[in-house]
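Letters A, B, C and D mark the chains as written, and numbering starts fresh at 1 in each.
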């Protein structure tokens, strides 16, 4: 419960604050909360991976980009208010519909099954056997993403020199 | 001895390992690279000897030993790889490793001056490893991988002197041409996997070359009426044809001669181009999978035969009129490959493979001899500028003569005779048609002829090298011509010794497969054999032998008549044939001039036809046309009026309407990401609502 | 004899027993909470004490290396110096720059220190002496370690000063690029132990053949991994020779330039605690955790061994700091990406080979070659990249 | 209180928060953050369903989450790279000014 509140607060402030860096800090709070939720759901590996990837990598990455493109949020254009209202209304509607769907669904009423003692070893085995091909593809994707990101970001290096 | 089956992977692994290490070496430690390559090659030669011995000792029982393992799992099924050891594999292994070893040693001398010595040996070793992998592969997938590596290394080696533009171009050409074939090969592989669910050749009854799968394949038939097996076989044959330069795809092989000569010998004469033939031999059960009536060859085999026969004749014709010493051999290689394909088609695995093996030896011998010649002439490749080398390089001449006689199929003492004779004999008894036999026979005649021509040009006559001022331009490696002396000289021992060894093999190998004692064939077929002179009196044995030897003699005689008895005087003399039949000669010289040929015929035909049409026009059609034209004019006027008044206006209206609506619609596209996302959100809401509705109702 | 053995075991488990004894007095409902509190408290009490001692040792040691007395005023040969420092930093005024982002500026040191304390949750300090035995313990360690980068960034960014920002950026770049080899270097151990749980890893190493322990450091890949891990750890905890983020000569004190008083002390402590934690992880992964170095020394309590190893590693840290000069930024990055990273990757391969080869001297030979040869090659590559020349500075530009 | 329902509600709440952020904020980076939030919500769903689902031993939920986390990392890297490139071009990260695709 506390975790949920923490997470939601973090996320909400991440979206709400005006200063981009504050947003990122709040975001890390939210990520940590989600990770804690994973831990609560006995998914240790995923939770810690979440912290490592998001807090350790993504957040820092975002911070770097913010540092490189640092501007305070630009002044509100004429339609800012309408943008704000429409956006929030749509989002709220989405939430309402989803919540309704969840409440109606029958799947959500069952209780907690006994804890599955998932060790990291099992995950590794699964990755190496049943999910080998996805794993390979993932590696390929990550490599491609790495190169692509470098190329895109460093594209104009010679111009800058 | 069974450990050899477990450890057969070492045979290709060693050269590849050597290649990997020498890839890490720096350019200047040449010794290390050479030692690595040659040593690994020698080691795998010994291993393959062991393999051969093992196969020999374990005759009688199941001749095919396989070792399969799981590679990796995707979804819930495993992809399996494996290697196999059967007579074919063993023979190929020994052949490749032996020839490869000799060529490696040879290129120690040949590439001595090259500054990329290390890289060269790295590539060579990699190639050898991949080739051996092709041979031992028990899985079509593994075979395909090694096949591709082979293609890659051939690309790298053809373009080894990549600063020569034509070398680079040739490399590209070779790579792309073979790719076309490999694409078909890949398709066939995928098709096969889809049908049989395995790519292993032999898997204890579950393999794709074993009866269960084959019957399954034969049973199914495709849209165009071919059985699935035939379709797959044809696709695979495309790959094979691409690799071993059969007629549609032969264009890359002559250009591939831009590479260093040892490469031409190893890759484009002995091993790689034979890989295609090997592939057909390996997939022979698939090729010959017949739907019931076994006595007519399958469509696949017929295709193989015809393509082979055509190639054999066609390439032999072209070879007659070439002047580049290596191109002559290239075309003869193509035609010999055609023979092999034909042999496979008409006579089965044994016949084709026998010619493959013998050809590998004498053709690499020829190429190495060529290399030695070129080396001696400081990179001169034009046979008109050589001549008289008989005196300057005797060893080369002797060995070259052996190779040449073997290639011509000089009776009784040379391997080429027996293997070619074998092919011709089975072609004669082919049930479908006799044409391949005649084409093959004529090809044999031509072969003898052009080889004689080449030999007389190169070794006979008086030395014309002195007058060649362009040898620097021709020189394939600058370092070679650095210490260029006008007089040709014999090559170093490290180059001549392999020549001698190969020559010995080129002579002796033939006796493995004489009709009297068809040891080789029976070894491949797994049957037992005995020595029997009486076999000569068998069906069409002696006649074929006699006829083919007569053909050979005719060829030799013709060659002598043209080039021998009156030695060529000057480099710029016209070729004898050229004097005799300039048109035909040029025509062949430019590899059938295909475009010009079409041009000539079509145009002549056209002119004639146009004359006829002209007459018809003038006296028959004209009146009719006149009358018709008036009606047309009338209609045209009416149309014009109709357009102007009716269609145009309506059409304009339509255009305006479209553009207006476009403008209106484009308001939606305001380029704001977030408005798009807003719409997405609304769509999501609608979707969920719809799903809920569905759930409720 | 039996008595001695029992005594040894009692001595070994004394803290655990004490904890259980104390827990006996609290109602069963709150026992888990209390046990957690007790363990955490013990950590929070022990390690700052260690920190105090280590600062003194370090200053003395550095002094000796640089031919000067270290602190020698307060107490006998300055032994009380840490206390004086503590009092001073507590009583100093806590200055916050006017433009600083107060909340973040305050949170940064807290986050740093708490993160560095969280590291100890998975360190087995002695037999049965680990706070939580996660089955992804090592992962937890690194996850928490990645929190520190965030704290560093918060500190540097929030105090709105170019020095701090530069320092923070440097520190983060360095930490990120050295976290990769840190993790990769520890993967070999995970491969061998087949588990991510620190306890399992230590238990795996706590056996003996003859008198020799099965520490991972006594294998080729283990040794290479250990060295690489220590290098990466030095960089990770911003210590010399990798202390660019706080290079006094360039950027005054790096990201905590603008801190003073108690917060500064917190940063200082956080760094040291983090260093201890990393060394502890190195000990757990490679040096057999709390297990005794020789089989006949097992009667000495396990925690004693742990702290002995810890102090040794710290001594090594101090020694290195006193010995090596500071690297340039590009040298730092080159070292990370061109030497350490490839070495760790190769090391992983080596560990795999080791795992699948039959035991024997061949295995030793092959694996040592697989480690040594690339090491030589790579280092040669590094040296070739460096060109020695007289560097001229142009002040007129 | 820790029923599946609550987790789903929480994740949908997170999702819509992220969505709102993506809709409202005009700093491209923050929009990216919003997208990350949505991904996290989805992952939370996966984990929750895995935990409460019929066959937790199948690990499918965990696998999905691991893969989607790594995809998210890649996506963040590429996205930020793109943002940097765009910033070099427009000198701003304000989505409002990036409307060159306007019809």
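Just so it is clear, contacts are C-beta pairs under 8 Å (C-beta built on N, C-alpha and C of every residue); 3 or more make two chains touch, one makes a residue touch a chain.
Source: prediction; values computed, not measured.
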{"item": "Which of B-D and A-C has more C-beta pairs touching across its chains", "value": "A-C"}
{"item": "Euclidean distance of C-alpha centroids - subunit B vs subunit D, Å", "value": "54"}
{"item": "Interchain centroid distance [CA atoms averaged], subunit C/subunit D, Å", "value": "34"}
{"item": "Averaged-CA centre spacing for the pair subunit C and subunit A, given as whole angstrom", "value": "30"}
{"item": "Geometric centre distance via CA averages, subunit B-subunit A, whole Å", "value": "55"}
{"item": "Where subunit D touches two or more other chains at once, by residue number", "value": "19, 23-24, 26, 96"}
{"item": "Where subunit C touches two or more other chains, by residue", "value": "none"}
{"item": "Overlap residues in subunit B, where contacts from two or more other chains coincide", "value": "674, 678, 681"}
{"item": "Category of the chain touch graph - line, ring, star, complete, other", "value": "other"}
{"item": "Subunit D to subunit B touching residues, read off their complex", "value": "19, 22-24, 26, 31, 95-96, 98-103"}
{"item": "Interfacial residue positions of subunit A with respect to subunit D in the complex", "value": "1, 4, 7-8, 11-12, 14-15, 20, 23-24, 27, 30-31, 34, 37-38, 40-43, 45-46, 49-50, 53-54, 57-58, 61-62, 64-66, 68-69, 71, 73-74, 77, 80, 83-84, 86-88, 90-92, 94-95, 98-99, 102-103, 107-113, 116, 118, 122-123, 126-127, 131, 134, 138, 141-142, 144-146, 148-153, 155-156"}
{"item": "Of subunit B, residues touching subunit A in the complex", "value": "72-76, 674, 678, 681-682, 684-685, 688-689, 691-692, 695"}
{"item": "Subunit D-touching residues of subunit B, taken from the complex the two chains share", "value": "665-674, 677-678, 681"}
{"item": "Subunit C to subunit A touching residues, read off their complex", "value": "101, 104, 134-136, 139-140, 142-147, 149-150, 153-154, 157, 165, 169, 172, 176, 179, 194-196"}
